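Listed next: structures, encoded as structure tokens.
Presented sequentially are two complexes of subunit A, the first with subunit B as partner and the second with subunit C.
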Partner chain A sequence: MSRVEHASRSSRVGVALAGFGLAALAMAPLWADRATLRLLAEMFTYVALASLWNLLAGYAGLVSVGQQAFVGLGGYLLFALGIQFGVPPLAAVLVAGPVAALVSIPVALLIFRLRGAYFAIGTWVMAEVFRLMASQIAALGGGSGISLPASLVLAMAPTRQWRELEIYWLALALAVAVLVAIFVLLRSRHGLALTAVRDNELAAQSSGIDVRRLKFAVYVLTAFGTAMIGALIFLMKLRISPDTAFSVNDWTAFVIFIVVIGGIGRIEGPIIGTIVFFLLRQTLADLGSLYLMMMGTVAIAVMLAAPKGIWGLIVERLGWQMLPLQRRLVLEPSGKARAR
Partner chain B sequence: MTEWLNVVVQGVLTGGLYAMFAVGLSLIFGVMRLVNIAHGDLIVLAAYVSLMVTQALGVDPLTSLVLVVPIMALVGYALQRGLLNFTLGEDLLPPLLVTFGLSVIIQNGLLELFTADSRKLQAGAIEVLTAQLMPGVWVGYLPLVQFAVAILVIAALQVLFYKTALGRAFRATSDDQPVAQLMGLNTRHVFALAMALSLAVVAIAGVFLAVRSNFDPAIGPARLIFGFEAVIIGGLGNMWGTLAGGVILGVAQAIGAELDPGWQLLAGHIAFLVILALRPQGLFPKVSG
Partner chain C sequence: MAPLLALDNISKRFGAVVVADGISLALNAGEALGIIGPNGAGKTTLFAIAAGALAPDAGRVLFAGEDITGLSPDRRCRKGLARAFQIPQPFVGMTVFENVVVAAAFGAGEPEAAVYDRAADLLDRCGLADKANRSAGGLTLLDRKRLELARALATKPRVLLLDEVAGGLTEHECHALVELIKDVRASGVSIVWIEHIVHALLASIDRLLVLHGGRFIAAGEPREVIRSSQVAEIYMGIAADG
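Let's turn to the complex of A and B:
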């Protein structure tokens, strides 16, 4: 008899460490000051965005440089629902997901006609179309943008401190939800199919996987998550404009940098990448455009020298896995098996 | 009526510029299946190189092409041999991400060197000369020259591709890289020549862009998108189709701008999406994939 085992010793340690880390982060308001909490919340949004992009590009092979379309869409949904219909911001963050998933279906039908690298630029055109349309909506401030009305913000919580805590925990909860959702997806039958597509699309297809349908589903799911994170990001900023909402630098270039550095096609990669990205940013951001040039150079160097990123190197050298995702066939010694 | 005719004529002439953005992109995709995300930023780089040449030598922008074209071709050759050749393979992620990184580097490098100020190249008297096409329809000399140059560039590329040994090498590498290599072609060199040629066209496009309108370090990505749209509208692999794609894009933008200035870019994107929806292989396709 044989069975499939997921866990290894390193993954048991990894899960325990993740549990401790999560508990510490959930209790962060006890040990961290306001600025640290803000920074952590921003990091959570980048972990989530990067994990979603990693699912899209690293597993499904859909390299998008236009995910800012859904970040911006989520942000604008938060403002539109709040200003036009008085929807409370926290509810609007949750509503943004399903609405964006609906929007992403016709978008996917169109851009899935483009193959490979041209798909990437097609996603960018879509993000541009979204940006130009947003700047045409006078009720949401047109090209110059708009602030979230104070009445909506004040109604969120009795004090400013509580409001900030609410946003912090929401950011943590959403990031964990995105990671758990991706983990569950990868552990499922579809995850096995997705990993097969990652490793060899042609072989996956000839094993009976409906690659196109799988990619379509991943695209829509990613839009769902990305828009919720987008709404959260602009709830933290309290102001939105077409240029910030649909920024290719903030929501795509940085995210790609994070995933490439951390390790593409691995669930742990975006977490490692986000930590590295924020360490660099906290120390070097004063350099401005020089800092961005360095970032581009590092990303190119990693892509050429270690295309699997930091986590890829760790896996290669030490065979660690933080989360029990690997599938190993364990042959159990029964009479027949021993005889062979 | 003549007002609209005017709009269409201006759109057609702008389309020539978009076609020049596009053929460089289409050429390297044809030869090595590489989509260069930094293409638009290289166009802007060419504009700045021309700015430096005109300032240093006091020549007018069109004369500066004598230097800008070989400089950009060299940049292209070096870029391909020194960097992009290492990214080519089965996986499409490395070339995409490396050219994306390159785009970030070029944009911020230009920002560091030239600030975010908007620039324009002065071409002198030719900028204000106009000819009357018919009563009420006037066209500038410069847009006419630019359109004529676009046609010349495409015709020259066509001849190069189908009548010369280099063109044969390009087509052979495009059809089957391993076999081309077995036949004694150094594909690394062939790829680098294709990139050099692509950036020579980029140089011409960049100089005309800089003479026609203001430019700053951040406008590259939009040029990439215009070029890409022209390629897809026209159909992959067909250079004259790409010219048609550029013209359609230019006319759509001109009509959009006439309706409402805010609609200029949106109208172009919508024309692209409509064609993608109705005829995803483009209007005049030649090769698939």
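Let's turn to the complex of A and C:
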């Protein structure tokens, strides 16, 4: 019997650090003020969106520039369910996932007929179709948008402070849920196949992996998570319009920036990328449009110096893995694979 | 009995270049077949068509009597048709061990934990045991070739398509490879082997085919085929290099 280990020394440290970090974030209301909590919650939504896009593009090779379709869909579901049926916002966030997964199935059937750059354009076109459809719904404010009714918002919690805490913890919980789900997926048999697809699609297919089915499943799963995050984002904003809900800039361009900077095709990449993105944004935002140019410069610099992103560079140089994803064969001193 | 793998009147052209011009081939169970031919003769294209990476313009691919022309490469792999690429295609971000585990789990359709032993054993047989936990992206060419073979074998093939696996090997390494391939054959796997290293081929095969200009121009007992005047004319220049 051969024995296989997942953890390495760096991943044990990584998991311990992640545990401490999570505990500190869960208790953030004790040490952070309102503005910081709002910023952290926004960061959590970006960690989740970027992790989902990383799964889609970094692992499954599906470079979508239309994930705003599902962010917006989730957002609009929150408003539609609340306004039309009086569904409480927290429940609507949970419902947004499965509904978006269902919607993503016919979308996938359509756009999976396209490859490479055409696929990317196709996803964008789909997102635009979603945006135009949303602007036609008069009951949801049409093209100018609508606010979440005060009655729904006030019913969430007895005080404003509690409501904000609820939203903070929901954002943290969703981000952690997305990361854990991706980790469990990558640790599984399907994760092994996905990693193979990431590295070499041709060889993956030749090794018996049904690449098409795997990509389809990843697309639907990603839509599920993205829409839940979308609903959460617009619960935080309390107002939605077609242009903000289906913004390619906010929900795709920034997300791609985060993943590319952090390290595409690595589960750790989006976390690093989000921290870098928010550091840049918080320090440079006062500079106006110059800030976007500087972000572009950073993106180009990282792509030239470290094409695999910051985490990719760390893995290459130091061989670290923050999470125990690798399968290491335990060898006996003789070099033969045997159980200890 | 139907042949295990059969190509039936396969044609393929890229623009004006005809790479397969009505090719037929039959591989019987337990047989080892060699294919030689000058560069650009259409050897690798033929493998791509057999393995499903490329669709032929005309003709059929049959596996154990069943028409598999429309099947995807992964379906063919799970049926027992494995391909080792001429240019090794490792999963560079995974360890050597994980590379073989993927192929063993998906190619043979087994649960992951059930294939660890077999994967470890294959690494041992292919001379990669001491590199099991290395990143496959950092391997030398020789080790990449070994990994390519180990991964193809991990899918539990009934037919193994080998594309120039001996190229670039030293005499000693080549000898070890031939022994390994004989061993694979003895375990009941049928083989089609494209190779420029003719002496490695001759030591391992039952039948030799010569591909030139998109068709087979000679076929038969390996040593006789090699000595035939047709082959000498077209092919000896390259064989002498090998």
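Going forward, the second predicted complex is superposed on the first by the 330 of 340 C-alpha atoms of A that agree within 3 Å, B and C clash if a C-alpha of one lies under 4 Å from a C-alpha of the other, contacts with A are read in each partner's own complex, and residues count from 1 in each chain.
One rule holds for everything that comes next: a contact is a pair of C-beta atoms (placed from the backbone, for glycine too) under 8 Å apart; a residue touches a chain by one contact, two chains touch by 3 or more.
The structure displayed is predicted, hence computed values, not measured ones.
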Contacts of A:199 with subunit B and subunit C, given as first, second, both or neither: second
Contacts of A:2 with subunit B and subunit C, given as first, second, both or neither: second
First (subunit B), second (subunit C), both or neither touched by A:189: second
First (subunit B), second (subunit C), both or neither touched by A:327: second
Comparison of subunit B and subunit C by subunit A residues contacted: B
Partner chain(s) touched by A:217 [first = subunit B, second = subunit C, both, neither]: neither
Which superposed partner A:207 touches (first subunit B, second subunit C, both, neither): second
Touched partner set for A:156, first subunit B, second subunit C, both or neither: neither
Common ground on subunit A, meaning residues reached by subunit C in one complex and by subunit B in the other: none
For the subunit A and subunit B complex, residues of the former touching the latter: 57, 63, 65, 110-111, 113-118, 120-122, 124-125, 128-129, 132-133, 135-136, 143, 248-249, 253, 256, 260, 264, 289-290, 292-293, 295-297, 299-300, 303-304, 307
Parts of subunit B lying in touch with subunit A, wherever the complex brings them together: 29, 33-35, 37, 83, 86-87, 92-98, 100-105, 107-109, 111-112, 221-222, 224-225, 228-229, 232, 262-263, 265-266, 269-270, 272-273, 276-277, 280, 289
Residues on subunit C engaged by subunit A in the complex (per definition of touch): 51, 53, 72-75, 77-78, 82-83, 85, 89-95, 97-99, 101-103, 105-109, 111-113, 116-117, 119-121, 123-124, 129-130, 132-133, 151, 154-155
Sites on subunit A touched by subunit C in the complex: 1-4, 189, 192-193, 195-196, 198-200, 202-212, 265, 326-329, 331, 335-337
